[in-house]
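In this document, chain identifiers A, B, C, D and E correspond to the written order of the chains, with residue numbering beginning at 1 in each.
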Amino acid sequence: MKKMIGLDKLPALWEQLSAEGPLYLPIEERGVVCFKPWYEGAVVRLDALNGVVPPKDIFLPREETYMRYQGGSQTLEIEAVSPGPDDKATLFGVHPCDLKAVEMLDRVYIDQEPGDSLYRRRRENATVVALACSSPDPFCFCNLFEVDPADAPGADIMAYLSEQSLYLETRTEKGETMLAKAESLISDAKDEPERPREVKTTDFGLYLEGLSDNLKERFDDPAWDNLYKSCLSCGVCTYVCPTCYCFDVEDFGHEGAGERFRCWDSCMFGHFTQMAGGHNPRPDRKERVRQRFLHKLQYYPQTYGEIACVGCGRCLRSCPVNLDIVQAVKALGGEAVEQR
Amino acid sequence: MAEKSLKEAEKIREIVGQDLLGGRIGLLLGWEKGHYWWQSRPLFAKNEADLEKLTWDSFCVINLSRYLLEELKEHGKVGVLVKGCDARAFNRLLQDNMVARDRVVLYGLPCPGMLDYGRLNEEAGGALISISESNGSVTLKTGTGEKSVERDQVLMKKCAECVYPDPVVYDQLLLSPQGKKEGVERFKSVEDLEELTPDERFAYWEGELSRCLRCYACRQVCPFCSCRECFVEQDNPRWQGRAYQPGENFMFHLVRAYHGTGRCIDCGECERACPVDIPLQELNRKLIKDINQLYGDYEAGVDAEADPPLLTYRPDDPAAFSEK
Amino acid sequence: MSVGVKEKAAGWEPLIVAFCCNWCSYAGGDLAGTSRLTYPSNVKVIRVPCSGRMNPMFVLRAFQRGADGVIVAGCHPGDCHYSTGNYSARRRLSAFKRLVEFAGFEPERFEVRWISSSEGDKFAEEMTGITERIKALGPNGKMRDARWQKKA
Amino acid sequence: MNKDNPLLPQVATVLDITSETPDIKTLRVAGKDGLPFEFMPGQCAMLSIPPIGEAIFSITSSPTCRECLEFSIKEVGTVSSALHDLPPGAHIGIRGPYGNGFPVDDMKGKDLLFIGGGIGLAPLRSLIGYCFSNRDQFGHIDIVYGARSPADLIRKSEIKETWPAEPDTSVYLTVDAENPDWKENVGFVPAYVSELGFKPENKIAITCGPPIMIKFVLQALDKLGFKPEQVITTLEMRMKCGVGKCGRCNLGPVYVCKDGPVFSLAQLNELPAEY
Amino acid sequence: MARTGVFVCHCGTNIAGTVDIDQSVEASRGFPGVVHAGEYRYLCSEMGQDLIKNAIEEHNLDRVVVGTCSPRMHENTFRKAAAEAGLNPYMLEVANIREHCSWVHREMDEATPKAIALLRAAAAKVALNDPLDIPELDVEKRALIIGGGIAGIQAALDIAEAGYVVDIVEREPSIGGRMAQLEKTFPTLDCSACILTPKMVEAAQHPNVNLITYSEIDEVKGFVGQFDVKIRQKARSVDSVKCTGCGICWEKCPSKAPSEFEMGMAKRKAIYVPFPQAVPNVPVIDRDNCLYFKKGRCQICAKECPPEAIDFEQQDVVIERRYGAIIVATGFDQLDPSIYGEYGYGQHPDILTGLEFERLFNASGPTGGKVVRLSDGKPPRNVVFIQCIGSRDKARGMNYCSKICCMFTAKQAILLKEKVPDARSYVFYIDVRTAGKGYEEFQRRAAEEYDVAYLRGQVGKIFPEEDHLVVHGVDSLSGKIVEIKADMVVLAAASIARCDAPEVGRKVGINSDSYHFFNEAHPKLRPVETHTAGVFIAGACQAPKDIPDTVAQASAAAVKAIGLLSKEKLQGEACTAEVIQDECSGCLNCIAVCPYTAITEVEIEERHHGGTLKRTVAQVNPSLCQGCGSCTATCRSGSINLKGFTNEQILAEVDAICL
């Protein structure tokens, strides 16, 4: 059943939906668009392309306390902290590439034993409204990863934006329930939603068939010696990447009381693999750059059958020195001309 | 692309080519094009084929000096193309004892300022296809036509506010100097913030810093951040927690800025590198402004011989607090 | 929102951390004691060898952990036990004070004073002064990490 | 492992701490009711002291020891040194078990050759203890163990008295340099292994120790004719989660904390050598 | 885990009166790492110390917190006690719950929680304490004295008499200093030369004293007990060993130059001794004025010198020597009054400074001891003395009193009357200051017996008229304008620090006040020590002073130096900085802020991709480091830490206080 809502009624919709739990929307603050919980007066940018940071933090928060403790070494008590069944978030306006990336995280955090209950709860509790994408920018290359910018199969609701209206196509029961709550604002779609057709993105001339297998032989490829050179060892690419999921665990507090939390971490940092005794298996940028790209292009596919990239283009946009996955694929024999 | 910059690039290639191929330097740090015409990336040229890729146009914004830290471990002598900011960055590294002057050949490139793709796009108002430049103006070609804008309108922010476009240190100057830019109002936004009440200012910074991802791009790109182990990563003592708490955000950003007191060369790379557009330069510039006001004019990186202000003192120095 | 922790009404008492150099200001504090001068117990002193030892990160840590005000006290310029430590400190802490103010801290939150070993009265006055100014200002929520004093 | 959240530790008590060497101590750790969890030899556990943090250690005791877990821990970082300093009776956090453990079933009926160096005996000891408790399931057991000096050998009474007394068991000890109090072999472990000339037939070699030792032991075993499938070792990498997610111990398609730390040399040869 | 014992002192009722001891002890038991807590009425008493010592043994404590009076009071007492119980003395921290708590707060419910917070901070800190060693330093049994005036000579003789070798480094060709320029000394009117010359000779002849004249200090490195000093001995152009001091050379020398010793009022030769009683009596060639050096011809001195002692090829020699102690006695300068236009100094030959006037009395002076006007050689009838030229002058930033002018003016007025019986002296003064034994009587004598007119007031203008000078002043007592026709005007120009005092201070590592006089370590209790251990000061380089004060201070400095030299070993500072070389990036900013040049750079080798790389890091010399910690605050990565006040410890204190 297709529904629609006039763009002028969206603020009312936000207000209603956010009463149920945090409503994550692409919100612009000081010129930067990111998914944030909606608040009164927020500038919602459904029209914007991908925000700088992908919405993975809604399920894998930048920082998440999962344990509190109290008492010193003689009287330690530990208490679990986890999202409750009432923590129902709505993720509204996620683009198909980002949703596909979330599904990739699902495999690691939900499917792979032992599952991660913190992630799973947030994910299961959340209702996801995907938004079709009609105007990719020069850095979007999701086509290459079989993403249809106009359709996200995993969404609870698929939404399409037109000049005056937002069309909503419910896909799941969760989606139905959500829309039911905003019944008064929503009407049946009289005409067929203007679903964007054949949204074409660039492919940078890449050809990915067989790449993962070929890379097994290219661990010591001289191409790595040039590729890593410009890397600054910052964590931009990993933090803006929707399929990166590494984390760190740290305690905060004093002997009497405190908490343990996990937070995002990046394999691009030298400390990431630094062992207490001083040994570091990936001491230099070369090993770390290689690890990151091979994880995306070889290791993840070896386990899950698919390259861990959705072509969202964020690393291309954000890397301060323009070192990105496209460059890596090209350097490693993924260029169409070389393969065909 | 402007014919001028093509000619200039040709000239640069020729001169550095002699040194590289003649063995005077083992490596040349320059720029090559990225995926698109508005992108450049660092080039690590070792041979003639690499040199072919060398580019010099209005998008060579990335500061190359920092790469010396790593490359000097591999090569006996390294050549670097330096714009004004890169040269100041070099001086910064020199003052911090991070590079050996005699192992680096600096090719000075007086810089007209680099262009900002975002601003170009905004000015174009539609899908920008290409640009051409002549005499301080830029012609934007879009699918629907052409438009001319002043070059100054589409400069990178950091370049629009640059005071020293010419390299302050070099072995060879490859282009003709631009001259020191007068009347640059680089402290305007600092002054505007100073007008706010403390609570307003705090709210401003809390909002800006709340976006911080702790990717440390600002640090990694910065010529004054050359510590082997940043305080951020230390476990003992743990100066800085990894949590994304407001206090931890402030801890990092205030200390990062403070560590640049009298050392920040005002190149703006931190702000450019920041993926979430935190106005880091405002923090840096606040310190530049105040240090100049309190302890006399000092422009970090301009003169490698001048004492950095926090490493010296005068008995009659003023203070920012009551000395009664 | 960490700004505006309003505990003021409920008998709130500020916490003031004072970093005092061993040779002048800490001794000035001792003299205040021997002279039986009084100042508010809100002030708690940490002894450092010299104001030149003051790493600004100590100040920020105090704010993170819940200090409402921080004061660094050292020898008067020219009287440094280590001859030049406080000259270095003056520049560092001046720059740093301006920076924290720029970040949104009220100027009263972070202060530096020169107090000699013979200025017991000044020690007491300054400690009283900062406490009163902080009391008037109210609790500091800026940078304060709510997790620190939270009881599990 | 906590069913709901594998990252969540339980509270355990350090029963006692014994000094093994100048920088290695053994902690005996019990949960509320004896063993905090069931495990297999070669598996690991995360120990934590809030707010200092967590670190992963291999379990030194055999699963057949029912009252507690033992950890022989070398002081290398903040957590390990805090663990060293604990008083008896102290509470710590513990979670686990993590990792695959030794392929005990594949070893059944075979002769076993244990080759350990320094603290590397810690994971081996768990398996050795298991083998002695199930003595009839395994063939002849050879144990080669060495350290820099006699003082650096751990489990001194076991290696010198208990183990050699076990049936069908040979224990060979060595130290790197001559020492007036040392009557046994002097020399590096790999050289000693070559010298002892073990036959590969129906034998599985399990080795653990410092990386440089392992490297030469593998060469020595290769020369002796051991096939990669017959050689088993354990990897040590930085780990935070223990469940194959946080990313630190990712090595090719495996996560050492979950898919390791025990690998046969054959498996290892398939992985990037970033350990 | 730490095994800390906390001990809370009642200090009678000093602490217990306002701090609830039981509550503090109870709270301390809950601090991390605390395994024992106790209290006692007076912990500093023998019984109290025993209590701590016994507890250390009984509870196997490895660190101790004492909640008591200021650490500046009894930290050492308790450290000693801890050491006696087998602990490293630095495994102890003091929580100052008296001076900083019980004595400054009135209410128990106020002081008790604060005491607990301070104890908690101390416990948090002590948990991170490491045992520290007190370095033992050797003492070079030799002293250096910079400056060969009366202060330097006196100090040298005292040290030499105590049996230590001492070197005097004097910039001028002869020792003697300012005192050698004086005719008579107040208030006894002894002949200055008569009392100084024997001392100079004694110094020259003493087997333990070495005179290194015509020399300056190039560099001082090192630290107490082991100062490594470079002394530049300027080329004298005369071989001191061969020279007999016969004087033929300076008699024959054709080239003349203004005599420094005579304040430029007379000439000396290009080869010269500054004054007849010079010690050593060996001339120097002033190469700027020597014809041979200027034009390449002459060499008369060499031709005439009987022992052939002239050596035109002589070069500066740098002597490198180690000293255990240094006494700085560099004296003072006289202000050049020409900065005050109204007095016309420099415009007229009969307007002189006090020191210039002094030389007119001297038999070997510019006038052969005749007091006459330099303008016309006539004896002056009316002489006006003006006091406080540059002293006590707030407007010009010269606030201090030069201390000696009132007295030397009275002396000169008396001497004048004796030389020129019909002379009349007028003294313009602000106040007459005559504190000192016999000083007031002396000044009274001048006023009453020698017909010296004292006019309280200021002089506004001096200008020449015909053959005399007109002095315009105001008598502030009568309020009248005074005009005196003077034959001569003598300005009591201020005593000021030597112009190169800041440079000397920097080299030696001592600081100065805003007038560049060297600072003593404590104005009352440590008047001859400086903040740099092993460096002492004497004489007018510290502040203007007269001869008796100078000599007294010189002897005091000598005693301090002797005390130091008499030690076999010195105890160094335990709380010193330390570089974590692994983390140090070698920016060397720490070197720039170290007040003690205790940090140097050192090259280390490091593995890099299988090979080795050399890189520079900082290194602290623990003997030089005094533990200020300025380096630690300048090190961005915390790669240099201060033992006893580590980053970890201070952060732990902050954390604990904020709980």
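FYI, a contact is a pair of C-beta atoms (placed from the backbone, for glycine too) under 8 Å apart; a residue touches a chain by one contact, two chains touch by 3 or more.
Predicted model, so just to flag it, every value in this text is computed and none were measured.
K.L.:
Quick check on the contact graph: shortest path length from subunit C to subunit D, in steps?
P.N.:
Tracing touching chains, the least step count from subunit C to subunit D comes to 2.
K.L.:
State the pair with the higher C-beta contact count; candidates are A-D and B-E.
P.N.:
A-D
K.L.:
Taking each chain's centre as the mean of its CA atoms, which one is most distant from subunit C?
P.N.:
Checked the centroid distances; the maximum from subunit C is D.
K.L.:
For subunit D and subunit E, let me know how many angstrom lie between their CA-based centres, rounded off.
P.N.:
The computed centroid separation for subunit D versus subunit E comes out at 66 Å.
K.L.:
With chain centres taken as the means of their Cα atoms, state the distance from subunit C to subunit E in Å.
P.N.:
One centre to the other, that is 34 Å.
K.L.:
Where the centres are mean C-alpha positions, what is the separation of subunit A from subunit C, in Å?
P.N.:
Distance between chain centres, rounded to whole Å: 44 Å.
K.L.:
Which subunit D residues reach two or more other chains?
P.N.:
77-78, 86-87, 90 - these are the residues of subunit D that touch more than one other chain.
K.L.:
So which stretches of subunit E touch two or more other chains?
P.N.:
Subunit E, residues with two or more chain partners: 1, 514, 593, 634, 638, 647, 651, 655, 659.
K.L.:
Could you list the positions in subunit C whose residues touch two or more of the other chains?
P.N.:
If we look for residues of subunit C contacting two or more partner chains, we find 56, 61, 78, 84, 88, 92, 145, 147-148.
K.L.:
Along subunit D, where are the residues that touch subunit E in the complex?
P.N.:
For subunit D paired with subunit E, touching residues are 82, 85-87, 90.
K.L.:
Quick one: which bits of subunit E touch subunit D in the complex? Just the residue numbers, please.
P.N.:
1-3, 35
K.L.:
What does subunit B use to touch subunit C in their complex?
P.N.:
190, 193-194, 198-206, 231, 239, 241, 243, 245-248, 250-251, 254-255, 257-258, 261-262, 283, 286-287, 290-291, 294-295, 309-310, 313-315, 317-323
K.L.:
Hey, which residues of subunit B end up touching subunit E in the complex?
P.N.:
73, 96-98, 226-231, 234, 236-237, 239, 259, 307-308, 310-312, 315
K.L.:
Where on subunit A does subunit C make contact in their complex?
P.N.:
So the residues of subunit A touching subunit C come out as 68-70, 77, 79, 252-254, 256-259.
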